[in-house]
Each structure stands twice: as C-alpha cells, then as structure tokens.
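After this come two complexes, each holding chain A, first together with chain B and then together with chain C.
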Partner chain A sequence: MSLEQYVANSIIELAPVFATFYLVALGHSLFEKAGLLDLAIDGVFFMGSSIAVRAAVASGSPIVGTVVAAIVTMLLGVALAFLMTYLPISHGAIGLSMMFLGYGIGIIVGYPARLEVGSIAMYAYSEGWAIAIMAISIAIGATVHIILKYTKLGAAIRACGENPHAASSLGVNVLLTRLIAGAVGFAIMGAGSSFFTLAWQKFWDPKSYTLGYGWLAFTVALTSGRHPIVLMPISLVFGGLIFYRVRIGVMYGVEKDVANLVPFIAALAAMLICYATKLKKVLAPPASLGKVYYKEERTV
Partner chain B sequence: MSDEYIVLKEISKRFAGGVVALDKVTIDIRMGEVLALLGENGAGKSTLIKILYGVYSADEGSIYINGRRVDVHSPTEAIKYGIVMVSQHPQLIDTLSVVENLALGLRNFNAFTSIRKISSFILEKSREFGVKVDPWEKVWRLTYTQKQLVEILRAMLLKARVILLDEALTYLPLEEKKKFYKFIKEFTAKGGSTVVITHKIPEALDVADRIAVLRRGRLVGIVEGTSARIEDVRRMMFGESAAEITYEKLPASQPGGRVVIETQDLWVTGDFGEDAVRGVDLRVREGEVVGIAGIVGNGQRELTQALMGLRKASRGRILIDGRNVTNRGIHEVREVGVGYIPDSPLALGISIDNSMAENIAALYQRKSALINWSEVYKVASSLIETYRIVIPGADSLIKVLSGGNIMKAVVSKEINYCKKALIAHNPTRALDEVSAAMVRRSIKEKAINNGVAVLLVSEDLDEIYQVSDSIHVMNSGKLYGPFPPDEAERSKVEHLMVI
Partner chain C sequence: MRFIVVRRTKPHQYIKPLIIVLSLLTGMILVAILLVLIGAHPVTTLVTIAYSFITPQVVKDMLLLTMLGCALLISFKGAVWNVGAEGQLYVAIIPIVWITLYAVPWSASSPPHQQVLVILASITVAALFGAAWGAIAGALRAYVGIDEVPVTLIMNYVAYYLVNLLILGPFRGRYVYGYIRTDDLPDAYKLSINIVMQRTGNAFLDGFLEFIRAIVYYAYWVLAAILVALLTWVVFNYTSIGLRIKILGSNPEFLKAVGVDARKTILTALALSGSLVGIASAIYYLGDLTRLTYPIQSQTASYGYLAILVAWLSMLELPLIPLSAYVVSSLRNAGRNMQIFGLGGLESTLILLGSILLTYSTLRFLTEYEVRVVK
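The block that comes next holds the complex of A and B.
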C-alpha cells in the first residue's frame, strides 16, 4: 500500500470517529457556553446513538436516523435549558438525572431494533459517506464559531454564561438565549451521537453504554476551552487514540484491557495539563457555568 | 395631566426571609427632572428602582407610564419604555468587548447581525455623545470610571428617557463625578429624567430638583431640592439617630512605641505591569491611626493588597508586628491578627454565596479542624446587633442583603477580628451617614482601647481628618508625609493629591 493510500484509508477510517467526538463535544460546548452545566452528556450520547439506530432501521435510511436523533435530543436540550434557567434547581442534579434517563430511553428505544434486525450494518452510512460526514461536521463547527464570535446572538450566549444577571440587565432575554443554545447544542450532540452507531461502530448493543465515550467528549470540550476550532485537533487526537488503541497496544505489547484504558488515562493527563498550568486561564470555563440563575433572588 | 411621566403606585415588596423592603410606596417621576432618592442603608431605594427596571417584581402595587398602567417583568421590557438603569457595580460582562456589551441591548439589530456592523453604529453615536472609549477593548481592562461611562453610553444608545442611577456615582472620584452630574443636567435639560440614589445629602441638594426620602421601606416625604435644608433631610432619613452623625475630630490616640505596620522601600507592580507603588516607607505604631489620602488609582489599592500578601512586592520589605511577611501570602499576615477592609468588598471582603456565619467561621476559625459553631453564632449575632445589620439572621446568605448592609457585614467582621493591625480601604464608602459615623468611631476605639495599629486609606478627606493621628498623601505611587492633622492644612493636602 502506498503512503497516499495509507493516509487516505486512515482518513476514511477516522472520519466517523472524529465526527462523533467533535460534534458531541461541540454541541456540549455550545450548551455550556451559555452557562448551562451539562452532566447529561453521556446519557444523551447513548440515547442519541440508540434513537438513530431505531429510526434508521424503521426508515431504512441512516440520514433519517441522524435527523431523528438530532430532533429528539434537541427537545431534551430545550427541556434542560428551560429547567436550569427557569427554576432554582441544581444543574448538577438535574443533569445527572437526565443522564440516567438517557441510558434508560436508549435501551428501550434501541433494543427492539436490534432484536428485529440483528446487524444494523445495512442501515448504516456507507464508507463513501465518511468524507462528507467529516466535512459537514467541520462546516457546522465553523458556523458555530462564527456565530459565537462575530454575531449579536453569540455575544448574548457568552454573556449568559459569564453573568446572566448582568446579561439580563443589559437587555438579553436570558431564557430565550439559553433555549436557543440548548436546542442547537443538543441537536448537534444528537447528530454526533448518531454517527457513533451509524457511521463508526455500525453496530448497536446495550452494553455500549458502559463505554463512557460521552465523558471523553466532555474531556475533549474541557481541554479545548469549549472553542469550536480548538476542538477540531483535540477531537482528532482523542478519536485516534480510541480508534487505534488496540493497534497501539499490540505495537507496544500491552494487554487489550490495559490498552482500553489509554484514552481515559490520556483524558486525565490532558485535564491535569490544562488545569495545573497557565492554560487554565486561557481555557477558563464561563464564570457562571452551573450556577443557579433565579431572577427573583435579591442581588447587589 | 401634569408633567408626571412615571407613577409608582403603592408598591410593596417582601423578600424571602421576611425582610420587608417596601411598604406601599407611591412616587412619581416627572419629565425633565432630577429626582434624588435618599435613605439609610437598606431603606428600600435600590429595591424600588429595581422594580421599575423589571429586575424584581412588586408583590403589590402598579406602575403607570404616561398614565397607562404597565407591567415591567424584565429589564428588556423596561428598556422598551425608555427606562435604563446604571448600578453601583457595573452590570457589564467582563470577558466581552465594549461593543459586544453595548450590542446586547440594541433592538434595531437582529440576532445574526455581525458585531463589526454594530460597532460602526456605536462609534458614530459615541462621538455624538462625546464619550471616548476604545470599542474593541475587553471590559475587564477598563477602569471603574470608564465602565460607568460605557453604562451611560449604553443608556444613550438605548434612547433612554429615564436614567436610573443606583449609587452609580458613589464609587467615582470627585472630578469624574462632577462630569457625570454635568452630563445629567444636560440630559434633563433636553427633557430626559434621572433618578439618583445616593447617601450624600449635599450631593442630592446640589443636583436634585426634588428629593424623596425612604425610611425602612416607607416614603417619609418629598421635598424640593432648592428649598430643602440638610438637617431636615437628615432627620427625615434617620429620625432620632441623625444626632449620631458627626464630622468632629475624634479624640487622638496615644500611640505606643512599638511599630506594627512597616514598609521599607516598597515597590509593587500594578495590573498592567507598571510600578504602582514606588519606594514607600511607612510606619504605623500600635494604637495609632495613620491616614492615607489620595485620588483613586494612585497606588493605594496595590499598597494595601501588598501589605495583606494579596499582591507581590517587587522590591522592599513588609514587616507586620516585627515579622517579615514580604511575599509570604495572606495566610501569614492574617496569622498575626490583621483585619482587612478591601477596596472591592465583593471581590475580596466577603463571599456573598455564603451566610454571615459561614463568612465569620472562615476567617475566625481558620486554624481549627472543627468549627465551633456556637462561638461563630455568638460573634455573628453580636456583630449584627452592634452594627445594626439588616439581615434575617446569621444563617442568611450575604447576597440577600442591600449593598450598604453587605459593607457593614464586611466592616464589622474585620474590625472585630483585628488584634494587631487593621488595614481599611474606603471602609465607609457605601454606608449611610449614621453607619459611617459609627464605623469611624469603632475604628478609632479599636486603636485607643486595644492598641491596634490602623492604616486608613480613604478618598474621603473629611474621614481622613476625622480619624487619623497622622496623615500621608499618596500620589503616583509615592507617599508624602506624615503630617500631623492639626497642622496639615487641607489646601496643602489637596494640592499634594493632584500635583
């Protein structure tokens, strides 16, 4: 195999992995940019990937799978954003509850599809889609970046994340802004999670929820400072580690189970590097991330 | 119909914990007037205009604009009615640029308009209003005055007809304050209205057409600005406590021989890498109050922060009670028994997301592994009582308090904590006259009765003269003095402040 071929193959292999991590981390970042703490990520990830399978099997088209996954997770995102903004309840508690709800819904929705068809390979995206999926992901990321950085809506989203009380006083409709961030962010996450089952694994199993890949996407977002562009290389690195972990393991004579740990160890290392060094300031989370925003609270 | 523009009718508001903030307050705001809202700390002034601005909603009562009853549920709605509030703490987003902040409230641009396009509109307008601020600067890099300027510019951009100033000018240096008042006069001359909340009666008499006084959530009365006398307004504000207000010089202390706070050729770097403190030699003896006068931004903040170990000294030494604490961090300084009233109380003085008791525990019981809560509550209730802090209880979160009462919480716990030294930076700035007088008395008593060495840094020259045993002036990072207060002529001190 020539070098060009090897590189081309690698890209095609990695594209769905990249798209999965990138989009899930991107949607999650957008949600958190608005000050909404997203601990539901792993459950949403599993739920989205399962719904995608069910919808793809039912319709026969992976595109329908992706769209339905995006719509359903979007609704969940809107609900989360609403509850976290409108009521004085802990973002952490409601996020974790939603995570488990996501696992549950994922199994209920995904299992019948698996029983029905066994293998989902024929309902998944073909290899020809790999490059398109990657390109679409990058385009979505670039659009999110432009909106966040250069438009009034983007400034409003960042303002809600930094200081929702001040944002409101400046004339931002905090609830509406967060609903938008919740809807768009979770829709992107849903689309990303659909690529996990329909483009990367091409396989669904209730056991897959133990993978914890949602949390890896969480780490990807954290170590990129929730920046849509910085997310790209970091997603690629983490995607590569996951995808090649077995090969890496074989190369260095490491046992499979230990090799499986590599991405998570890398995640820990990345977080340590980010938060023990000066990078901490550059990658600082929104100042009001996870703080209860309740309008009737008397503030100074 | 008269020239009444807005009427707040029988507004009542009660906060969680049962604090009654407002009790059937009726007040009107007229076209083209400056209305001053006066009252002691926690009288309900802020609450009233926050209801008008849609930050809070009233439990009872109604708002009329141009004779029509309206509901104002959010600042966004208030802005639609031409009402804009500027508060004491700039409500700007630090990590956003000036344009981004200003763009957020502009209705004439949709959500997807690029910030660049909005910036040209803002630039054009700011030239029109004569406000000079770099629109691309991040807000955290601006000075306090610049931030307030941006807030006023924002009000203009939003086509405000009524500007609500919630202690917005309290923290401004005197010169800047005058400029703002001039601007307000021009604004009202063109038909706009301004509501000014302040503690300073002379200021209110100076700028206001009418003065409304609130006391414990009730409207005491409204008087004409031109005919009102300072004593009458004081009595309306404080009732009998008005007698406690004094600017007489407090009795001098008898300093001991021991030097408690000492700096030797101290140099401190400011936020932007400049030498903010330049070779300061300072000595404060036990039982002595040393005052440092000066205009804000001349290195006072950096000096006090370096003394507390919150900022690195680039050169020189700091000795507290004979111990070299230079660059050792705040822990070591606190260990010696130093109280600290910072210039930015919300950032450095208290955690508003915790209760009064928790804040006290964090400071007083920092060395013990277990917190003695009964001790903490004893201290808390004694401070609440002594300093008349309006708070539902020691368990209440600090953020439910009014601005002045938060300041009282900071000041009381620090004055009570200090054993050897107290470093007080603008300790009475957000306080009403009665509370301020009490705080100044407590500081002096601490020096006289307990031999505490006090470094008082203040922009208020009256305060410096009232409390200090010796006076310094700080200008451009250098310290002039000491001067004995009886001999130091005010004109000379004022001159040193501005040269």
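The block that comes next holds the complex of A and C.
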C-alpha cells in the first residue's frame, strides 16, 4: 500500500471517530460556555446514539437517525437549560440524574431495534460518507466559533457564562440565551453521538453505556478550553488514541484491557496537565460555570 | 398572576419528607408509564413494584447500601461529590483477593485463629485501598483544582479495567472450569451464616421465615452496617474533621477565615469516604460476591452508583440513610422483577434511579426557597 493510500484510508477510518468526539465535545462546550454545567454528557451520548439507531432502523436512513437524535437531545438540552436557569438548583445533581436517565432511556429505545434487525450495519452510513461527515463537523465547528466570537448572540452566551447577573443588567435575556445555547449545544451533541453508532461502530449494544466515551468527550472539551477550533486537534488525538488502541495493543501484544485503560489514564493526565500548569489560565472554564443563577425575586 | 421564587424565612416542617415521597412516586410512575407504553399491564407493574418492598431480597442490598450511603455521606456533607464509590468498591477487593487466595490461603492445616486474622486484615487493607483511591481524586481537587465529579467517574473506569487485568493475569483462577474469573473465596473466610429452614406451606409464614433466614445469613453485615453508621455518627459529632467537613459544605469561606486548611479537609473527606467504601467492599466480597468475574463492568450490580441515590435521598441526614437504603434496595429489586427485555431489569433500574434523582434534584430547592403565586 502506498503512503497516499495509507493516509487516505486512515482519514476515512478516523473521520467518524473524529466527528463523534468533536461534535459531542463541541456541543458540550457550547452548553458550558453559557455557564451551564453539563454532567449529563455520558448519558446523553448513549441516549443519542441509541435513538439514532432506532430512528435509522425505523426509517431505513442513517440521516433520519442523526436528525432524530439531534432533535430529541435538543429538547432535552432546552429542558435542562430551563431548569438550571429558572430554578436555584444544583447543575451537578441535575446533570448526574440525567446521565442515569439517559442510560435507561437509551437501552429501552435501542434494544427493540437490535432485536428487530440484529446487525445495524445496513442502516449505517457507508464509507463514502466519511469525508462528508468530517467536513460537516468541521463546518459546524467553524460556524459555532464565528457565532461565539463575532456575533451578539455569541457575546451574550459568553457573558452568561462569565457573569449572568452582569449580563442581565446590561440587557441580555439570560434565560433565552441559555435556552438557545442548550438547544444548539445538545442538538450538536445528539448529532455527534449518532455518528458513534451509525458511522463509527456500526453496532449497538445495551452494555455500550459502560464504555464511558461521553466522559472522554468531556475531557476533550475541558482540555481544549471549550474552544471550537482547539477542540479539533484534541478530538483527533483522543479519537485516534481510542480508535487505534486495540490495533496498537494487538501489534505489541498488549491486553485489550490495557488498551481500554489508556484513554482514561490519558484523560486524567490531560486534566492534570491543564490544571497544574499555566494552561489553567488559558483554558479556564467560564467563571459562573455551574453556579446557581438566582435573583431575589424571580418570575417563573 | 405570576409565580415567584423567594428564599424561605424559616424552614418548612414537612418539606423534606414531601420531596422524598414525591421523588419516589415520580420515579415509579415514570417507569410504570414506560412499561405500559411498551405493552406491560399497569396494575401488574404497580403490584410488582409494591411487592418488591416486602421480599427478603432487599435485606442484602439494604445493608450494603446503608454502608455505602454512610460512606458517601462523609464526603457529600462537605459538598465534595464522591461519585466514585463504584471504582473504590472494586479496587478495595484487589488486596482481599490477594490475601485470601495467595498470601494466606486456607488449608486443612491452617490454625483456627488464621480465619479471624485474615478477615480482619482483609477489612483493614480494603479500607486503606479505598482511602487511597478516594484520596487521588481528593488530592486532584484540593491541590490542583480539578472537579472531583469527572475525576471520580473516570476513575471508576480505570478501576474496572485494572481489576479486569488482574482477573486475566495474576488473579485468574485455577479451578474455574474455563470461566474467566478468580477462584472462589475459601469457605473459612466467608462472612455469612447459612441456615436451612423448613417450609411450612403457609405463604405468609414462609415469607416471614425467609426474611429471618436472610437476616441471619447476613448477620455480619448487620453488625458491619451498625458499626459503619456509628462510625459516621462519631465522625460528625465528636471529631474536629467531622465538624470541618460540615462547615466545608455549608460555609467554606468561614473555614478558610478561621485558618483551617480547606484543602486538607477536602482530601480527608474523600479519603475517609473511600475508606468506608473499602470496608463495605470487604463485607460485600467476603459475605456475598466471593469471586470476581471478567469483565467486571458487565458483572457489576452498580452498588456504587446506587449509593449516590441513597445519600441524596436521605437529604444528607444520617438517621435517614437506612430508610433511604431500604427504599433504593426495594426499587432495585423492583427493577429486577420488571424485566422488560430479559436484560435483568437494568433499564428499569437506571430509569428509576435517574427519574427519582432528577425529581429530587429539581425539587430540593424547595427546602430553602418557596414558590409564591402573586397577582
């Protein structure tokens, strides 16, 4: 195999992995940029990937799977953003609860599809889609970056994340801004998670919820400072690490569980590097991330 | 007409139990609705849930979850969210497997006191391992500033794969009939009392006797649960670290203002919490699990995650932990009894867990705030 062919094959192989991690981390970042702590990520990841399978099998089209997953998770994002902004409640507790609920709903939604068709490969994206999926993911990321950096809405989202009270006094509608961030962020997460089952794995199993890939996407977002552009290379590195871990393991005679362990150790190490070095300032989370937004009297 | 959220001037007398009851009802109703939607009979579903509260199977789970709930309470009281009990539970089993199967294996010629010494050593070392595992997340939060929630969760996966590697490698059993698991714990080290009871033919009486049998079987667990709860009570009421943890949870700025090292308190809270998980882990392994089967993430009963629900549902009140553990055990039992697809009730358990926690987390603000209707 020539070098060009090898590179081309690698890109095709890695594209769905990249798209999965990139989009899930991107949506998560957008949500958190608005000051909303997202600990539901792993449950939403599994739920989105399961909904996508069910919708793809029902409709016969992976595109429908992706769209339905994005819509359902978008509604969830709106609900979470509403609860976290409107009521003085713990973002962490709500997120963790949603994580468990996401696992449960994911199993209930996904299992009948597997019983019905056995293998989901014929309902998944073909290899020809790989580059398109990667390109669309990059385009979405670039759009989010432009919105966040150059538009009024982006400034409002960032302001809500840094200091929602100050943003409110300057005329920003904190609730509306967070609802938009929640809707768009979770829709992107949903689309990304659909690529996990429909483009990367082409397989669904109820026990997939124990994989913890949502937490790896969480780490990707954290270590790239929730920046849409910085997310790209880090998603590629983590995606590559996960995708090639078993292959590298086989090459060097390493146990499968060592290969499974490596991404999680890498995630902890990445967090440590980001927080223990000067990168901490550069990659600092929004100042009001996860903080209860409460004004003494609130109309609900 | 509009609704406003205002801070309460004085606490509402019944709001805490009301929130708990509402959360439980919501969880059960949601699961019932889901089951009905996919074809189950609503009455059968509700009867199954109700029946699950009075079956002897709840005894084991309740005792274990009481211990784990107390363990999590230690850190939760300080607003240090140890959601890594699942990993701590399995990591703490590692030294016990080594001690009981390799370091001091039981044989016919073993002296009688070896039994007691090995069991005590297992519990002690498990506590130390649990503490060390918890302390890693504690140190990262206290000295580096990394949120303990993702760290403890990620460490659960690290623990799973680490234990898997040990099962595949040095701990792989010799007498396992081709299965990938560790050898069984020698009978001499088992913490359970087996008794045989004759069936009377009377359903009510037999049910009651089954309860008695379960309590006798897990008598050591009863003792351990009482000791762990007592230890937790002593920590919070008679030790300076307990007081510091409580202040860390309610007013961390005050803690810093009076010169207490908040970082050490965070570290200690997670280490203490991990050590109690370790004790629970030893009791669980020696009394029920007795071997580790590969892959552990597919075999786990998720007690570490259920314990989060126990601690939260107790409103972080120690006296409510056993009650909360009983409710969660019964719900888990209900989940198992309501198998939808033959998955062992996993999905029902997760939905119950998630919806109860979600309702609880949403309504919990009512303990400090009230919603008023104004014109």
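The rule is simple: the second predicted complex is superposed on the first by the 294 of 300 C-alpha atoms of A that agree within 3 Å, B and C clash if a C-alpha of one lies under 4 Å from a C-alpha of the other, contacts with A are read in each partner's own complex, and residues count from 1 in each chain.
The definition used in the following text is that contacts are C-beta pairs under 8 Å (C-beta built on N, C-alpha and C of every residue); 3 or more make two chains touch, one makes a residue touch a chain.
Treat the numbers as computed from the prediction; the structure is a model and nothing was measured.
Report clash or fit for the pair chain B and chain C bound to chain A in the combined superposed model.
Taken together on chain A, chain C would clash with chain B, as the superposition shows.
With both complexes overlaid on chain A, does A:265 touch chain B (first), chain C (second), both or neither?
After superposition on chain A, A:265 lies in contact with chain C alone.
Is A:147 contacted by the first partner chain B, the second partner chain C, both or neither?
first
For chain A, which side has the bigger count of touched residues, chain B or chain C?
Of chain B and chain C, the partner in contact with more residues of chain A is C.
If we overlay the two complexes on their shared chain A, which of chain B and chain C does A:117 touch? Say first, second, both or neither.
Neither chain B nor chain C is touched by A:117.
Figure out whether A:219 sits in contact with chain B (first) or chain C (second), or with both, or with neither.
second
Where does A:172 make contact in the superposed view: on chain B (first), on chain C (second), on both, or on neither?
In the superposition, A:172 contacts chain B only.
Touching A:75 in the superposition: chain B (first), chain C (second), both, neither?
In the superposition, A:75 contacts neither chain B nor chain C.
Looking at A:89, would you say it contacts chain B, chain C, both, or neither? Reply first, second, both or neither.
A:89: touches chain C, not chain B.
Just name the clashing stretch of chain B against chain C, choosing from 3-11, 165-173 or 363-371.
Once both complexes are placed on chain A, chain B clashes with chain C in 363-371.
Quick check on the output: what are the common chain A residues between the chain B footprint and the chain C footprint?
296-300
Within the complex, which stretch of chain A touches chain C?
Its residues touching chain C are 39, 42-43, 83, 87-90, 92-94, 96-105, 107-108, 111-112, 115, 206-207, 210, 212, 215, 218-219, 222, 255, 257-258, 260-261, 264-265, 267-268, 271-272, 275-276, 280, 294, 296-300.
Applying the document's contact rule, which stretches of chain B touch chain A when the two form their complex?
Going by the criterion above, the answer is residues 15-16, 47, 53, 55-57, 74-76, 79, 85, 87-89, 91-96, 100-101, 103-107, 109-116, 118, 154, 158, 346, 352, 399-403, 406.
Could you pull out which chain A residues touch chain B in their complex?
Listed in rising order, the residues of chain A that touch chain B are 147, 150-153, 155-156, 158-159, 162-163, 165-173, 287, 295-300.
If we count contacts the way the header does, which residues on chain C are in touch with chain A in the complex?
Contacts found on chain C: 2-7, 34, 38, 81, 83, 140, 144-146, 149-151, 153-158, 160-162, 164-165, 168-169, 295, 297-298, 305, 308, 312, 340-341, 343, 346-355, 357-358, 360-362, 364-365, 368-369, 371.
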